[in-house]
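Here is the structure we will look at, set down as structure tokens.
Chains here go by letter, A, B, C and D, matching the order in which they are written, and residues are numbered from 1 within each.
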Amino acid sequence: MADDKMEKAAMDKMVQETEMEEPGLFEQLVQPCMAELVGTAFFVLMGCLCVIESAQEGHTLQAALVHGLALAVVIGCMVEISGSHFNPSFTIAVFLSGGLELKMVLPYLISQVSGGLLGAVMAKGMTSSEKYAQAQGAAFTVLQADDHIMKALFAEAAMTCLATLAVLLSAVNGKSKNHMFPFLVGCTVMVNVLAGANVSGACLNPVRALGPAVLTNYWTHHWIYWVGPITGGLIAAALVRLFLGDNDTRVVM
Amino acid sequence: MADDKMEKAAMDKMVQETEMEEPGLFEQLVQPCMAELVGTAFFVLMGCLCVIESAQEGHTLQAALVHGLALAVVIGCMVEISGSHFNPSFTIAVFLSGGLELKMVLPYLISQVSGGLLGAVMAKGMTSSEKYAQAQGAAFTVLQADDHIMKALFAEAAMTCLATLAVLLSAVNGKSKNHMFPFLVGCTVMVNVLAGANVSGACLNPVRALGPAVLTNYWTHHWIYWVGPITGGLIAAALVRLFLGDNDTRVVM
Amino acid sequence: MADDKMEKAAMDKMVQETEMEEPGLFEQLVQPCMAELVGTAFFVLMGCLCVIESAQEGHTLQAALVHGLALAVVIGCMVEISGSHFNPSFTIAVFLSGGLELKMVLPYLISQVSGGLLGAVMAKGMTSSEKYAQAQGAAFTVLQADDHIMKALFAEAAMTCLATLAVLLSAVNGKSKNHMFPFLVGCTVMVNVLAGANVSGACLNPVRALGPAVLTNYWTHHWIYWVGPITGGLIAAALVRLFLGDNDTRVVM
Amino acid sequence: MADDKMEKAAMDKMVQETEMEEPGLFEQLVQPCMAELVGTAFFVLMGCLCVIESAQEGHTLQAALVHGLALAVVIGCMVEISGSHFNPSFTIAVFLSGGLELKMVLPYLISQVSGGLLGAVMAKGMTSSEKYAQAQGAAFTVLQADDHIMKALFAEAAMTCLATLAVLLSAVNGKSKNHMFPFLVGCTVMVNVLAGANVSGACLNPVRALGPAVLTNYWTHHWIYWVGPITGGLIAAALVRLFLGDNDTRVVM
């Protein structure tokens, strides 16, 4: 009788372990990466589509709403699955702030780059070749002369710093975490595009720039959309780690 | 004494059954269908009204806000009553993802088609015959030539896929379910109209296309607004069933 | 000793009664009415101010955002104090749906009318007399000819029916009540103004029409903005009482 | 044995006091002030950037969205850290309504003024000198003649009164406190800019005016943007203390 009970307990434990294993293999690696890929693809698709279709008119308001709301939507849908980054700057800053394991960083970056390329390809597949060419496939072409480069770099860093602060404070830092995360980050993107589109294009996300750059082979000042946003993410992570984070997040005091 | 108790228990059970019967007959079938009909009617009414009244100017922004916010409002009001579909593509995808019983699918589709027709009739009743004719009753007339048909079909499928993912992830899938469902789906519609209105009309909903088509007998490329959205819904359901769903929703791993 | 205890208990009861009396006198009547007055005044002020200041251009989008968001704001602030009606059509429909006591109806209506007048006076005090005259003080002047009156009346009733459904389902009916109430009603107003501003003005609220009408003595077709909205509210209350309400709210089944 | 226990208790108390001290020094003073500075800096940066970049066109809608949504974002991120004021009018009104200790008022005001200056400097650093000069650095220049000063003062007071009511009712007053605080205040700013931008500039926040005024040495009618908003905050605090606050907040009844 006692043997039976022990046997049953051992079997229960094995079953439990088997059940626990599944999240390990699929739910902890494949599913989050799939979510990052799908979310980034749709974000880049909608952003590029909007820019390609309204290039003649150059409507900043439409671009701001599309990029901001599309991001809010994919963040809101995927937050419980991958944490909803869709942006290498966010992934690096979230890792540095203690919200992501090191082993997930590279898989996330690969998923985001793949998603950005997929989204750009889909946008090309939906639009006429004339409109696509006219808009340079939604690549960032606002920086033509050399005189505004430092201002643009500063703007990309500062605007991405605000967006990353929104991510870190509303989704990572325990004390300030809240359920408005998707719309806070989405609204930050809207604000940044509305205010900064003419300064630097208000990209904030390297893979949003990369997709169209690859497809149209447009690399003028492309590095700015990697250096600027990632610098902004680093500054945000530093602000949170040094001053704004809660007791568990702060490293000094 | 024991007989009395048993009698009372039997009576209690009967009363209980009678009380349980009411949700069965009315709250489980008639009320959700009524909600689908009323919600779809108001969504189609506001969408058509906006297009008819601003046809001369062709304001994409107004159309995006009206369709997106009207959907958010009816979703937010009816979600506890019918689950707030108002769209055959959503109903089919929610059923395939395990969020609706088979016996409810046909009643929902009939309610949505009826609501779409009612909304289109109401829009006709509110507008002057000149404006109504000029806007072709808000039917989807963006596709005139034959050269963009495949691009439009692709766009309808991809955009409805995003909208259906928002429905399935924020309202059906247990792990990612959340209270922002109404605004996530509404914002997806806004984004789609802003980015894709010139590609395919950004319909996403067969009954939004059907109502005006019936009233103005306009059937050019009408099939696209059934095949595209329903295909998009099927792809979204497959993504959730295969990759993005939680352990209860996934069918393979 | 026993006497002392009884005396103390009697005193406690008296103190308690005095404390209970306060909510009776102030918090149950004066405070909600004050909230209705203040909220309605700010809603009408911002709505009129926007129309007066942008009359030359006639921006529908600005009017939609101002009326919708201003209503969302005052609803969100006052909902725990007065239930946030600010509109006679809502008050009548909420009363008929079981969400307000009969004795509160007249005080609410008086507070709303007073608030509407105060808001209109404030808007006059802030604007130049030229702009004020040009915009007829933000009175509803869209209906000039007699041929669209029935369409306008139908539109006011249908649009207010949707707005009132949003109020009744998201704030009164137990089953569908939810925390998005302020933004659901605000978005309904936005949608209505964007889609229906050229049909009837998309007033929906008798006291929004009354304030400017009194100050500029403009009464052309004024009755439409009372009959239309109140009819819409009655239809919404009927839909909820007969079909959409939960078991406690429905009167038939 | 008993000594040991007492010793341990004394040590525990000391450890506890040490742990309690940390929030006292850093989390209760430095961190909230840092949050006020960072939040105000980003709010003023985005507001100024938008005005400087779109000065030629003078888009009220863009200015409304940027100021309103930027405020919503920083409020949503910092509310658990500093209470999210970013505005001297709010700080004074929150203090008078019992939501802030007296010793925090001056540190908050200094942080806000510093943040406003920092934001204005950052905006200057991102924009071309031509655009910056043309927009007078985003200083409030709408008031040129002397005839509208009283109307502008009235408008600033009334509009800030509404915004401060949103702060006090949705974040300070116990009965009406709610989680929509960030978006309620943000939407109030949007509404105010859309409706009142041509009357007074719809500043509402003295430090938003101060930053650009210092950098461009523009002081025409500058006092209005201190007297108007602070008066509005005082009226809002009086309304809450006398009528709209709950039993703990009201001072009279």
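Rule of thumb we're sticking to: a contact is a pair of C-beta atoms (placed from the backbone, for glycine too) under 8 Å apart; a residue touches a chain by one contact, two chains touch by 3 or more.
On a predicted model such as this, the values are computed, not experimentally measured, just so you know.
Distance between Cα centroids is largest for the pairing of chain B with D.
Inter-chain centre distance (chain A to chain C, centres taken as mean C-alpha positions): 41 Å.
In this assembly, the C-alpha centroid of chain A lies 29 Å from the C-alpha centroid of chain D. Residues of chain B found to touch two or more other chains are 61, 179, 183.
By the contact rule set out at the top, the touching chain pairs are A-B, A-D, B-C, C-D. Chain A makes touch with chain B in their complex at residues 22-23, 25-27, 30-31, 34-35, 38, 42, 45-47, 49-50, 53-54, 61-62, 65-66, 69-70, 72-73, 76-81, 122, 125-128, 179, 182-183, 186.
Residues of chain C touching chain B in their complex: 60-61, 64, 148, 151, 154-155, 158, 162, 165-166, 169-170, 175-176, 178-180, 183-184, 187-188, 190-192, 194-199, 239, 243-244, 247, 253.
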